[in-house]
Amino acid sequence: MSPTSDIVRPSKELIEGLKHISSATATGELSRLGVRNAQIIGPRSWTPGAVAVGPALTLQFMPKREDLYDVNEYADPERQLHRHVLYHTQPGDIVVVDARGDLGSGVFGEMMLTYFKGRGGAGVVIDGCIRDYTHAQHLDLPMWLKGVTPNFHTQTNIVPFAVNVPIACNNVLVMPGDIIVADDDGVVVVPIKLAPQLLLTAGEHAEWEEFSRMRLSEGGDLRKYYPLSEGARAEYEAWRREQES
Amino acid sequence: MSPTSDIVRPSKELIEGLKHISSATATGELSRLGVRNAQIIGPRSWTPGAVAVGPALTLQFMPKREDLYDVNEYADPERQLHRHVLYHTQPGDIVVVDARGDLGSGVFGEMMLTYFKGRGGAGVVIDGCIRDYTHAQHLDLPMWLKGVTPNFHTQTNIVPFAVNVPIACNNVLVMPGDIIVADDDGVVVVPIKLAPQLLLTAGEHAEWEEFSRMRLSEGGDLRKYYPLSEGARAEYEAWRREQES
Amino acid sequence: MSPTSDIVRPSKELIEGLKHISSATATGELSRLGVRNAQIIGPRSWTPGAVAVGPALTLQFMPKREDLYDVNEYADPERQLHRHVLYHTQPGDIVVVDARGDLGSGVFGEMMLTYFKGRGGAGVVIDGCIRDYTHAQHLDLPMWLKGVTPNFHTQTNIVPFAVNVPIACNNVLVMPGDIIVADDDGVVVVPIKLAPQLLLTAGEHAEWEEFSRMRLSEGGDLRKYYPLSEGARAEYEAWRREQES
Amino acid sequence: MSPTSDIVRPSKELIEGLKHISSATATGELSRLGVRNAQIIGPRSWTPGAVAVGPALTLQFMPKREDLYDVNEYADPERQLHRHVLYHTQPGDIVVVDARGDLGSGVFGEMMLTYFKGRGGAGVVIDGCIRDYTHAQHLDLPMWLKGVTPNFHTQTNIVPFAVNVPIACNNVLVMPGDIIVADDDGVVVVPIKLAPQLLLTAGEHAEWEEFSRMRLSEGGDLRKYYPLSEGARAEYEAWRREQES
Amino acid sequence: MSPTSDIVRPSKELIEGLKHISSATATGELSRLGVRNAQIIGPRSWTPGAVAVGPALTLQFMPKREDLYDVNEYADPERQLHRHVLYHTQPGDIVVVDARGDLGSGVFGEMMLTYFKGRGGAGVVIDGCIRDYTHAQHLDLPMWLKGVTPNFHTQTNIVPFAVNVPIACNNVLVMPGDIIVADDDGVVVVPIKLAPQLLLTAGEHAEWEEFSRMRLSEGGDLRKYYPLSEGARAEYEAWRREQES
Amino acid sequence: MSPTSDIVRPSKELIEGLKHISSATATGELSRLGVRNAQIIGPRSWTPGAVAVGPALTLQFMPKREDLYDVNEYADPERQLHRHVLYHTQPGDIVVVDARGDLGSGVFGEMMLTYFKGRGGAGVVIDGCIRDYTHAQHLDLPMWLKGVTPNFHTQTNIVPFAVNVPIACNNVLVMPGDIIVADDDGVVVVPIKLAPQLLLTAGEHAEWEEFSRMRLSEGGDLRKYYPLSEGARAEYEAWRREQES
C-alpha cells in the first residue's frame, strides 16, 4: 500500500530466542564476533523496566531544504514519510529513527504512537525526540529517546526523507531488518547475519552465576566466586544439590 | 518595595484559557503564527506530570566580574537580585531564569523556593540549576531545570545581574510578562501579543480525536482514522451518538 | 593481597559527623575555606534519595593502547584493576572512578557491584557508566553516574590503569582517602585535611530555619524571615517556646 | 565504467554566470528565494583566496560495521567507493563529502587528490578531513575542510558508503548535481532548480557600491552612502561621469 | 544622532599607556588585582600580528522572535542596530559584539567594516562571525572573530538587540567603555576602573628580561637566568654596562 | 638536578630513521601493527611546514585544588613542575603536555620556550595552549597546540601535577620516552616498543609513487596508476630507465 519498501523479517524463533538475552550480553557477544560498536549511544530508556527485541523498520531524517519540501503539498498526509514507516508495522516490529540527534523536533506524537502500538509495534528507538510525551508515556509502549519536545518536526529544520533504508543512528549503522535488543542499559543493534550465532551463545549462561551472586552479596571473596574458582566448585555443587532437592 | 520593575500581567481570562492548551498545541499554533522557535531547549521537567501556565518574571545572570561584584557588600541580602525577582511574585507567576546554561551554579535553594511557593508562585524555569533539590523536590512546585547542584551561585562564575528585563534562555528570547506554557514536553514561551490569537484556537480541538485514538489503539487504519477520513465519518458519528445517549 | 595500595581512612567520628551535612552545606563551607570547585560536575544520582558519605577508593582509566594492553593476558582476572580497587573495600568506602566521561563503556557490572555491596561498600561515583543497570538498580547501592550502557569496558577505548592514585573526575581532583559527600544534589569531594574544619561548622545550623521555612511556606515576607530579621526574633522565640512546651 | 551513477551537470553558461557571484551574495539571494540554510557550517577554506563554483559529486560515509565491511575484500581498490566518486570527475566538478564531521579520519590522500586535480576537478568540500596535507597543500586545488589528519579512513570508524546520493553535510542537504559556490567566506549549496533564478540576480549588482566604498573608506557618512541616499546621488553621478571620461 | 547611547571614553593618556602592555601582561596583572577571567575565550586573531587597544562600543544580539522583529520594518536601515553601534565610532574605538557564539551569522559585511575603518575604528571583537571576509581581510582592520560566514544576520536566528549596554562575550562581562587589549594571544577586557592601576604596572617591566632571553636562547640555565638569580646579577650588570657604552 | 625522573631515550639511529617517515605513514603502519588510535586529535600545527621527531618528555596537569596548591609556596620557582619538565631537556626532545584541553590556560610563555629551544628542544605538543604567542611564534620552535591565550596557568583552574609519568593527551596514552612524529597532518605517538618495527617499514616506500603521481597529475587513469597496475609496469620501467640515464 505504501510506495516505500517493507523489510525482510527474521524468523519468530530467532526473535524469541534473543528475548532471553540482555543488551549487555548482546553487545559483549557481538564484540567477540568482531563488532566494536553495537550500542547506539544517545537514546536512553524513557520507559523504565521495558524491554524490546524485534526487527528494525528504519526512518531517515535529513536537513530541510525549502526547494524540495513544499509545506502545502506535504499537507497531504499520504506524502508524509513518518506515516509510511508506520504503515509497514507488523506485530513485534521496532521503529528506529535517525533524527540527527535533534533535541527540538518531535518525530512522532501521541496519535502516531497509538496507531503503532495498536498495530502491535514493540518499541521505538529515536536518535532524537517524540512530542506529546504527556500522553504518550501512558501508552505502555517501550521507548528509547534522546528527549521529548512539544515541537512537531514540520516546524523544524529536519524532515523525514526515506523509509527502510540504511541509517546511521549516531555512531551505529542500522540496516532495515536488523534486530534491536533494548532494555534499561540502552539499545543494541544485532546485525541480522550475526543473529543466529548470537542465539547459540544465548543458552550458555553460567549456571553458577546465581550461586556466586548470593555468596558475593553475603561478602564472599570475589576471587573465589567470580568467576567461580576451582576451590569453590565443591561448595557450589553442594548448594546446587540442595536447591534441587 | 524593590527598586527593580514589576511586570504587566495578562488578564486572568487569558491565563485560564491557555491552561487548556498543552505545550505541544501551543508551539504548533505559534509556528502557524510565524514564530519558529517557541520552545526553550534545555530545561526539562524535574516534576513529572506538573503543568504551569502563567506570566514570566525574568532574571538574568551574567559572568561574574570581581571589580563589579563585591562579596562583602553583596552579603547584604537586599542587594541580591535573585531575591528581588521573587519579591515581585504574585499568585500564578512563573520565574524564568537565564543562568547561562551553567551546570554547577544553583540559582535558588530550598528557602527561596519555599518563599516563592508560599507567595503563590506557579513554577520555575531555569536554563541552569537549583540547589537543595533533596528538599526542594518535596515542595510541590513545578520546576523545569537543566540540572541540580549543591553549589550556590555566589561560589561560582555567574551572578544575578538584572530583573524583569528581556532575557535569552538558550535559543529563545523571553520578555517580562510573556506567558509560559510548560508541561512534561518542555517549556514554551507565548509572546504576550500573540496570546489572544492562541487562545482563540484553543477551543478548536478536533472532536473526533477521542474516537480516532480509540480506533487506532485497536489496530485501526491510520489513513482512515487520522486525520478522520470522509469514509470514517459515518462511523464516527454513529459512535458519537452512542456516547451521548 | 592486592599489589595496589590501600588508602588511609579517616576516623569513624569524622565520617559520622559529616553524615549530618548535605552536599549543599559541604560545598558552601568548602567555598568559604577557599576551595572553589568541590562538586564533581557530570555524575548525577541514579538512586533517588540515596546519600553516601565515606572515604574515596580511586580508580583511574586511561585511553587503551594495544601495545600495552594484551587482551589475552588481561583475561586473567587478577590483572584486572577494576577488580583490585574493589579488593580494598571496607565497610563505608566509596569507589570513585575517572572513566574519562565515556558514555559507552561500563566500568562495573552487576557481579562486581554485588561484591562491593556485600563487602559493605557505601556508594559508587563514576565520571562514566556502569552496565547491567537492569539488575544493578535493585542492589540498594547508592550510585552517581553519567549514564548506563550495555558495553563492558574491555570492548571499548578506555582501560583501568591505576588504583588509589590521584584522579581527576571531570573538573575536580580526588585524592585517595578524601571524603565524598553525595546526595540528590550531586557529589562533593571534601579534601581530607579540611574535613575536621568542615565538621566544626556542621553543628552550627541555624535553629530558626525550621521556623522561617514554615513562615515562608505560609506566604511570609522573605525580608523578615530569611535570614531571620531582628523584627521577627520575638515571634520566633515565642514559637520556639511553644514548640518546647 | 563505475557501477555508481554519474550526475546530471548544469550548462556551462549557468556555471560561468555563477562564477561572478560570491558565496555571500549567493546565500543572501537564496534566503530571499526561501532557502534558510544554504551554508554548510563547519568546513572552512584551507586554501586562502581560492574560489570554486561547480556541480557536486557526492560521497556519503557511514559508521563502520565489521559484518558489512571486510577489510580483505576491500583491499581490492575497485571496491573502494571514495575512488569511485573520483572516477566520475569531469573538468569543473566539485567533490562534496559527508564524512560525519570526523576529525580523525582522512577521506582523501595526496594521490587521490592529485588524480582529481589531474582530471580537472575544481574543488573539494569535506565535512571532515583529508590526510597528506603536507603535500596536498601544494596541489593548487581549492579545499574546504574541517581539518587534516594523518589517519586514513580505513583505520577509523567510518567507511565510504554511497556515491552520488543525497547527503547531509552537517546542517545542509546536498543533492548530486547541485551547484557549489565556495570562497573564503565558506561553502554555499545552490539547489539546482534555483540556480537560474540566482543567475538572473547576479548581474544586478549595485553600480554605486564602488563609489560608496570609497567614500566610506574616507570617513563618509554611512547614512548618506550606504545604501546610497537620494542626497548623495548627484555626487555619485558626477563621480561616475568623471570615471568614464 | 543615534537614539542609542554613546560611551564615556577614557583619557588618551590611559589608552596610550596601555598600548605598551601585551594582552598577556594585562591578564596577568588583572589576575593579581582580583579579576579571574579577563580573556574572552573564543574569538581569535584573524589579522595576524595586529594589535588593538581602545574603549569598547558594545552590541548585543538576541535570539530572533518574529513577533518583535518585522523584516519589512527593519528594511529601514535606520532601525538596524548594528549600524547604530558604528554611528558612535570615534578614532581608536573597538566594537565588541556578543553574537552568541553563532558560527552561521555574519554581524558585519565589507561595507560596514569599511565605514568603521574610515571613521578611525581600531578593531573588531566578535563572539561570532563577519561576512565578506574575502574583501574585509584587505581592509587593514584588526579583527578577533570566531569565524567567517557568507550569511548576513538578517537571514539567521539572531538579531541585533541593544547598543552600548553590558554584554556577555562568552565567559566575560564587557561594560561599554571598558578597555580592550587584543593581540595575537587573544582579547582581554580591562575593567575601566582598574585601568589606571594596570597602567602603573605597565612601566615596571623587568629590565633584565632581554639579557635573560639572550642567555636562555644560548642554552643558559633556567634557574640562573629566569627569574634572574643573585648569582647572575653581576654578569647581567656587566652586560648592561657594555650595552650602554 | 630535578627531583622528577628523566626518561629513557631511544637510540639516535631509531630517531634518525623515523625522520624519514611522515605522520601519515606512521599512523598507517601503526594501524597495521594493531594500534587503532595513534593520532592525538586536537593539537594542530601552529608552525606550518615544521616537522618534529623525538622522544617525549611528559607533563601532566590536574584540576587545581586550593588545599594542595599554595600560591605563595608555589612562588618559589623550584616548586613549579612546568619548569622541571624542561630541566630534563636534551637535544631532540619533545615536550608533550596533557593540559586537559583547556583553552584559557597557557602552559608555557616565551621565556620557557626560549630556554627549551636553547637547550635543543625539538618541539612542543600541548593538548591546550601556550601564551606569549606574539613572541613565541618567532622562536623557530615547532609547536602543535589547541590554541593560544594570554593567561598563565597559575591564574586558572589547572596546575602542573607530575613530570615524566604516563599521560592522556585527549584520546591517546603517551608514555614518557615514546616517540613523537609530528608534521602538518598532526601528531602521532609511536609506542617505543613498536618503533623498531616501524623503522623497518620506513624504507619500503613504493618506488613507483613518483611516476604515478606525475601521470595522475596529467590526468592519467587512477585504476592504471594507483596502485601501479600490471598494465602500467612497462611504461613505468621505461620512464625509470629514462630518469636514470
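All chains are identified by letter, namely A, B, C, D, E and F, in their written order; residue positions are counted from 1 within each chain.
Convention: a contact is a pair of C-beta atoms (placed from the backbone, for glycine too) under 8 Å apart; a residue touches a chain by one contact, two chains touch by 3 or more.
Note that this is a predicted model, so its numbers are computed, not measured.
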item: Minimal step count in the chain contact network, chain B to chain F; value: 2
item: Greatest separation from chain D - chain, by CA centre; value: C
item: From chain E, the most remote chain by mean C-alpha position; value: A
item: Approximate Å spacing (C-alpha centroids) for the pair chain D, chain E; value: 32
item: Chain C and chain D, separation of their C-alpha mean positions in angstrom; value: 51
item: Shared interface positions of chain B, touching two or more other chains; value: 36-37, 171
item: Chain pairs in mutual contact under the definition given at the outset; value: A-B, A-C, A-D, B-C, B-E, C-F, D-E, D-F, E-F
item: Contact set on chain C toward chain A in their complex; value: 77-78, 83, 86-87, 103-104, 106, 109-112, 114-115, 117-120, 131-134, 137, 147-152, 154-155
item: In the complex, chain E residues that touch chain F; value: 22-24, 26-28, 31, 36-39, 41, 44, 171, 183-186, 188, 209, 212-213, 216-220, 222-223, 225-227
item: Interface residues, chain A side, partner chain D - complex; value: 33-37, 62-68, 100, 157, 161, 166, 168, 171-173, 175, 191, 193-194
